[in-house]
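So that you can tell them apart, the chains are marked A, B and C in the order they are listed, and the count of residues begins at 1 in each.
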Amino acid sequence: MSADQNTDLKFTSPYTPNTKNDRAEMLKAIGVKTVDDLFRDIPENYLNPELKIPDAISEMELVQEMEELAGLNAVPGDYASFLGSGAYRHFIPSIVNRLALRSEFMTCYTPYQPEVSQGTLQAHFEFQSMVCQLTGMDVANAGMYDGSTALSEAVLMACRVTKKSAINVLDSVSPQYKEVLKTFLDAPGIKMDSLKDGMASSNESHACLIVQQPNYFGYFEDLTTLSDDIHKAGGLLIVLTDPISLGMYKTPADYGADIVVAEGQSLGISTSYGGPYVGLFACKQDYIRQMPGRIVGRTKDTNGETGYVLTLQTREQHIRRDRATSNICTSVGLIALMSTIYMISQGKQGLKHIANLCYQKAHYAAAQINDIQGYSVNLDRPFFKEFVISCPISPAKINKRLLSKKIIGGIDVSSQIKNGMLVCITETNSRQEIDSLVTALREISAEIGSDEK
Amino acid sequence: MDRSVAGRIGTTLPKLDVPVQDDPPKNLLRESLEMPELSESEIVRYLTQISTFNFSIDHNFYPLGSCTMKYNPKVNDDIAALPGFSEIHPLQEESTVQGALKLMHHLQNILADITGMAGTSLAPMAGAEGELAGMLMTRAYHQRNGDTKRTKILVPDSAHGTNPASAVMAGFEVISLNTDSKGNTDIEALKYVLSDEIAGFMLTQPSTLGLFDTNILEVVNMVRDVGGIIYGDGANLNALVGKLKPGDLGFDILHSNLHKTFTQPHGGGGPGAGAVMVSERILPFLPTPVIDRQIDKSNSEFYSFTRPEHTIGKMGAFHGNFGALVRAYAYIRTLGKQGVPKVSEDAVINANYIRTQLKGIYDLPYDRTCMHEVVFSARNLKRDYGVTALDVSKRLIDYGIHPPTMYFPLIVEEALMIEPTETESKETIDEFIDIMKKIAQEAEDDPGLLKEAPHNTPNTRLDEALAAREPDLRWNK
Amino acid sequence: MNPSEFKFSEEHEWVNSTNNGEFTIGITDFAAGTLGDVVFVELPEVGSEIKQFEKFGEIESVKAVSDLFAPISGTILKKNENLTSEPELVNQDAYGDGWLITIAPKDLTELDSLMSSQDYGKFTESQSH
């Protein structure tokens, strides 16, 4: 058996610069004969296993293959899409990706060495600041994996703060998020109670009450009452929110929220089939030492100049290990940066404007759809950019027909609301798209009418 | 933000193209929103300027131990940005995302093959989340067998902090296990703690010392004999790809930090991706979803989501960090079966080359062949000249090289953990070696030079104590 | 360096009697030096009980966190409120302004299991090698 038996030395890769000669020289300097001499600690029978993965391909072939795969997907934009439910299509200004793709931001590590990481650190500081401005909270961390894990971590934090091990969840919270909660809460034995809409209340066993605002179905909850309910019971109010809505609506802090979490994807991140996204996490000052995740602080250097560092690190796993506030070891820095650029770029006027566009268009669409025979929308309860259509037949069947008309319909929520279809309208949905949806729904209604006759 | 000037906008505002609707209820609206007001050019300059304060892998050598700072191929970023990948919505019907599902299915198979496992879930969104998934599967496996007294997890003292933290999040008690004088698992200590209360062993191979445990088969067998699960932390998989399949050794669960071994750019601290691969007996517990492939009668294939029978559940709102999965898949396709073993071979050659060239200049606490990284100690410099690992690290910055990981693993005093990766050339490594030698000489000649380093960065050393004592975490406007 | 009238534990806490039978507890200069810049101290509420050699609080530096262990048992009478805004007092004056708590001791014979100043000096010398 030749020592380099598994290695095709004729193979070269642009990502591994060492040539055959380089390797030979280095092995000689190390004092071994073959590369496998460096792998002698591995039990011999297991070394150099057969790989069944495909052969190497060139960059050109790779691009061709990947374009082909990408081409198998139906892309919103080519299709009119009305999907939301936790991932939203908003317009992304060019500067977001152009700046974030800079090597200096993209190919650096976690800013543990502050002297060579001021770019990342300062951007994180802007992120934390703007998350606080948007949510109205005192402090924010530098980012979590996504909105659902931010929510799960918020619950674990509420249990630490209150030293309780049961929680209350309003039943209009996203079912996807509730599933993630279950994953995180089963093992530590945290009991999850469900609070039905309008049927208070929380009790003394509850560490927190989770309210989604606007809720999973797009509608606003009576946060004032719910806030009183949990605070009287001695628990914390956790609000899961949509950052775009905060461009015009009251902040969770206005209702007395103790912890606010959100999916940050709508702030300049493409939907990218579900990730990577960034979870926003903000809370009251008092709870800062119980907060999970990375935090950047402003300080001075030895010359008295302002600079930024990772701070309050004793909460984190690399120091406190089994007693850390979380095992998290990322802040999804690049995605947080993208949302930072988005927030700066939209700024004071843009965020409000985008929120208003979503509101206006969604309400236009809802009114039109409500007028179609067989469909109805609850227009009495306030909503933002999502709402539920009560359809004449199952939404799954409607969606099938919509797809043939190049429309991606809403989410089937018929398990919660009879023949309910949850649709989302953002500023990216043109009037033409909305009108085509209305027309298509009307046609489908007529078609099924005649099918049934 | 103190750069704001009232009235400036950073982007154009789209027109409203539908009739104006009734106003929303006033009581729901916020009174004010204070956000930045900057023009687009100001934003671009601000961010471009601060970006230059960062050190990046594209700039120069980044031998940050345990972080696998390898070069990230640019084409992978372009591919992840293809509209067919970046624009699709996670809740689209399966029939409209067959390309995405096919890619994920291929990646599942490839990762299972590279690690010698039976199946893969791509759901975890980071390494630490992969660890949590692994621990939850360990728990679920034992509970399914009615084996409820297994409440303890073994974690070596050299492990990453995420290991004990993840085990605790999964409801386990952590037992810390000593490392022996050779850097292996201490077999006597292991014997002493093994019992029917042990749920599993979280084992990083090679360890954070950069060493492959020569007792590995014995360790695996001992833990499995008492009914424990072997959980492999794949943080250091870059040393093994193509050379060893951990599944062959008897590992039940392994997570892979796709952003390390398979080049998702680190992005200043994420995003990552933490796929988990498992043996046959753990398959039913994988996090959901797992992608399945069916062939129908007309011989056409269809990819769909499946939910493993006893799944531990969802790890995030959707299906994992798809953008990172695309990059990992693209990277592995480019390397192919020829290139994958070359990754670990060159990584290991580079690390051992550094080890042998710097030995004697810096202390080498575990003097044996290393894998993809080598851990030195600056304790000799501290003892002789009062210069610490921190000082050496900061001085490296003056020479345009990123510092190694310092003070980790915790069991090595004044640790300097160096991971060169396979994407560095011999010339780069030689230059690094020369600089490290020079710094050691400077420590003797002029320790003050190191103490005050770095000298040419936007900031000198920062007051971290002040930052922690008086947290200043946001601007207020 | 270590005050001769104080008593010391192996966990690097000191205890000293004040007037009125109260005892003051802090961490030693050696411990403060090893820990580095102290940034945060977490202490139990006044009125709570502490037990000899058991954990009663935490002390944090920038990159380390240590448990505080009671050198003797007792009931907490006062905690050093100045440490909230000036945790650096622990570094600056470990045996004076950087004190942590005062207690009403439960059992004075517990003092016998602690080290004298001289013995503690030898103990730390052996630890730093």
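Following the convention adopted for this analysis, a residue touches a chain if its C-beta (ideal position, glycine included) is under 8 Å from a C-beta of that chain, and two chains touch if they have at least 3 such contacts.
Just so it is clear, the model here is predicted, and its values are computed rather than measured.
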TODO: Select the chain at the greatest separation from subunit A, using centres from the mean of Cα atoms.
DONE: C
Task: Chain closest to the assembly centre - both centres taken as Cα means - done: B
- [ ] Go ahead and note the Å separation of the Cα centroids belonging to subunit A and subunit B.
- [x] 19
Open item on the list: Rounded to a whole Å, what is the gap between the Cα centroids of subunit A and subunit C?
Closed with: 45
Open item on the list: Could you work out how far the Cα centre of subunit B sits from that of subunit C, in whole Å?
Closed with: 39
Task: Sequence positions of subunit B contacting 2 or more other chains - done: 464, 468
Task: Sites on subunit A at which at least two other chains make contact - done: 313-314, 319-320
TODO: Provide the list of subunit C residues touching at least two other chains, using ranges where the numbers run on.
DONE: 39-40, 60-63
Open item on the list: Under the definition above, what is the set of subunit B residues touching subunit C in their complex?
Closed with: 407, 464-465, 468-469
TODO: Within their complex, state which residues of subunit A touch subunit C.
DONE: 289, 313-314, 319-320
TODO: Name, in rising order, each residue of subunit C that touches subunit A in their complex.
DONE: 39-40, 60-65
